[in-house]
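Look for chain A in each of the two complexes below; its partner is chain B in the first and chain C in the second.
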Partner chain A sequence: MNALEIKNLQKSYGDFTLGPLNLTLPSGCVMGLIGENGAGKSTTMKLILDMIHPDAGSIQILGQNNQVNIKAIKEDMGVMLDEVGLPGYLTPGQVGRIMASAFRNWDSEVYEGYLRRFSLPENKRFKEFSRGMKMKLGIAVALSHHAKLLLLDEATSGLDPVVRDEVVELIMEFTRQEDHAALISSHIVSDLEKCCDYIAFLQKGKLLLCEEKDRLKERYGMLRCSRERLLELDGTAVIGKRESPYGIEAIVDRTKVPAGLELGPVDIEELFVVMSRQEGSA
Partner chain B sequence: MTSLFLKDLRRMVRAWPLWLTQAALCFALMCHIISGFTFSTMLYALCWAAANLVPLALLSEDETYRWYSYCLTLPCTKREYVTGKYLILGIMYTLVTVEVGIVMWFHPDGLSAGLLELLRILTILLQTGAVNLSVYFLLGGKFSVTWFMTLILAAFCSTFQLAAILQIPLFLVSVLLCVLSWPLSQFWYELRWKKGGGPL
Partner chain C sequence: MKGLLVKDFYMMIGYCRSFLLVSVVFIGLFVVEPSNFFFLLMLCIMLGMLPTTLLSYDEREHWNVYSQVFPISKAQYVSAKYLIGLLCTILAAAVVATSCLVRFEAVSLIPLLCISLVCSLIPAALLLPLSFRFGTEKARYLYFVFMSLAAFVGAFLISGGDDAGGRSVLIPMMNWIVPLLSTGAVVLYGASWLLSITWYRRREV
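And now, the complex of A and B:
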């Protein structure tokens, strides 16, 4: 079963238009939604959560239409937005009691386990927490009701590398179970590269690509050569390039370049930057 | 729904200085009434402020902490969020009714005069509450502070006799207004989400 299916989703605000967006996230997988600020990542998350309504298209979450019974669907979803909007006067202990009345499957033992694991003091007020601690509490809440789908919107932005690594580790731990899936939006591509099976690029509301991470790496390669050598290649093979006094670094489609050409591996961040620039200048 | 209500209730309990102030004012009023009751718009303004300030404060805080957005990641709907604030308003009205009811017990013109006074206050509360909560959901907590302060000033400065406009049917109309403002608030709240992707 697919954890998430987005079909022809469209939403317009003033001069910004998202979509048409088509995404499928199979159960047991992690998808990274990559895009610059304002690309439409948070809008997509809000549409999934039915905070805002689409102009067109549909969203199926765990086999159910999100417009029909989002309340029941949210019982199986763990969500963390870019900011954990818990009232500052609450302590983690009080948050736990409030959440116990929000979720049918709330597991206090699991929650307390996370509090201990993250060294979060049960009686300290939320407003006195550092950003890292706030995010950890948000994750503890998102993971303590046996959710099947995890939605994280910019969950690692503004965190130090150690905490970011902890968050990535948690996501990987969560998706070890076959019926669990996660959709993570971020502009910190390196974090997504560590834990994602699928990568989707959003640019100005349009989906540039959505593919398996390993396939992307197989399909594209980094060519380091001179300008003259690059001009000899088929123009459609070059996805993007960066010039320097030492030559050219170009990301090319391996299927469209002559066999035997020496290509280095490309990382997702480079691919994202190059594709975004290319699309921006088009 | 329960979680939203619990969170607001917890906040209300934490605001004990507000309750203490209200109790002190109530005691002062009682002394004033015993020594010779005179109808005063001040009394209406005081009750009105006590009842309406709490939902406004809660909405402002929700915006500050971004709870309005976070709560929608929980199994809660926008409709429940709006309803939660009406429940809080209902609790406040009940508290004010009880407080004012105790004060009116000592009305120098007898219990029936006191009850009539209580009815007047409830009418004002329901009417203003119906308008206010809808305005809060239309403008948001922060902008509503200006609205609230303007109304407070107007109430304190007003010289018209509220007693003149009170009749039993008007009380029933006020109840109806309050009930109607609930779907209106939901509509306006939803509209704000539609326009900007969030209430801010």
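And now, the complex of A and C:
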């Protein structure tokens, strides 16, 4: 079963239009939704959660239409937005009691385990927490009711590398179970590269690509050569390029360049930056 | 729903302590001198405003957005605030009744209870739909207009009497106007509840 299926999703705000967006996230997988600020990542997340209404299209979450019974669907979803909107007066202990009343499957032992693991004091007020601690509490809340689908919207932005690494580790732990899946939006591509099976690029509301991470790495390569050498290649093979006094670095489609051409590996961040620039200048 | 009420309960304990102090002062003013009953009614108005105050805190701390990631419908979110409003109304009525009994003002009890109902239900009934539709920031403008009007009416009634702070003017009117207003306030509160649910469902936060 697919954890998430988005079909022809569209949403317009004045001069911004998201979609038509088509995405499928199989169970047991992690998908990274990458895009610049304003690309439509948070809009997509809000549409999935039915916080905003789509102009067209449909969303199936764990086999159910999100327009039909989103309240029941959310019992199986763990969500963290870019800001954990808990009232500053509350302590983690109080948050636990509130969530125990909100979720049918709330597991206080799991929650308390996360509080201990993250060294979050149970009686300290949320407003006194650092951003890292706030995000950790948000993750503890998102993971303590045996969710099957995890949605993280910019969950690692503004965090130091150590905390970000902990978050990535948690996501990987979560998706070790076969029926678990995660959709993670971020513009910190390096974090996504560590834990994602699928990568989707959003640019100005349009989906540039959605593919398995390993297939992307197999398909694209980094060519370092002179300008003249690059001009000899099929124009459609070049996804994007960067020029310097020492030559050209170009990301090319391996299937469209002559066999035997020496290509280096390309990481997702480079691919994202180059594709974004290319689209931006198109 | 229960989770929302628990959360609002914690919020009231945390953020509304100054409210408790003001309440004690207002009750004390009435107990010492019953002509100060206007303060008691101000207390009812303040209690009626409490759901809007809680909503305002929700917006400031982005709980109104964050709560939507939990299995809580928009109707439940709205209803929690209206239930808090009802609890505040009961509390207001209890305060009025206790204050009257302490002063042996049993004759004024029923009319004052009716007025307390009006004073606590109508502000919430007017402000909550606007807050759910436009946000508490914009609805606050209406709050100031309402409070100014309430103060104006209160001052007029008090200055209009020739004894005991205008009670001679008020008491005869209470026989028919106040029960009518009380019934109207209850109906308005119910209609406001439904309107808030409809408006908040349409709103994208």
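Note that in this section the second predicted complex is superposed on the first by the 282 of 282 C-alpha atoms of A that agree within 3 Å, B and C clash if a C-alpha of one lies under 4 Å from a C-alpha of the other, contacts with A are read in each partner's own complex, and residues count from 1 in each chain.
The working rule: contacts are C-beta pairs under 8 Å (C-beta built on N, C-alpha and C of every residue); 3 or more make two chains touch, one makes a residue touch a chain.
This one's a predicted model, so the numbers in the text were calculated from it and none came from an experiment.
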Clash or fit (per the criteria above) of chain B with chain C on chain A: clash
Touched partner set for A:V79, first chain B, second chain C, both or neither: both
Which superposed partner A:I52 touches (first chain B, second chain C, both, neither): both
Which of chain B and chain C A:F103 touches, first, second, both or neither: both
Partner chain(s) touched by A:Q94 [first = chain B, second = chain C, both, neither]: both
Touching partner for A:R176 - first (chain B), second (chain C), both, neither: neither
Touched partner set for A:T43, first chain B, second chain C, both or neither: first
Those residues of chain A which chain B touches in one complex and chain C touches in the other: 46, 49, 51-53, 71-72, 74-75, 77, 79-81, 83-90, 94, 97-99, 101-104, 151
Residue numbers on chain A that touch chain C, as the complex places them: 46, 49, 51-53, 71-72, 74-75, 77, 79-81, 83-90, 94, 97-104, 151
Residue ranges of chain B touching chain A (in the complex, touch as defined): 2-3, 6-7, 10-11, 14, 61-62, 65-77, 193-194, 196-198
Interfacial residue positions of chain A with respect to chain B in the complex: 13, 42-43, 46, 49, 51-53, 70-72, 74-75, 77, 79-81, 83-90, 94, 97-99, 101-104, 151
Residues of chain C touching chain A in the complex: 2-4, 6-7, 10-11, 14-15, 57-58, 61-73, 204-205
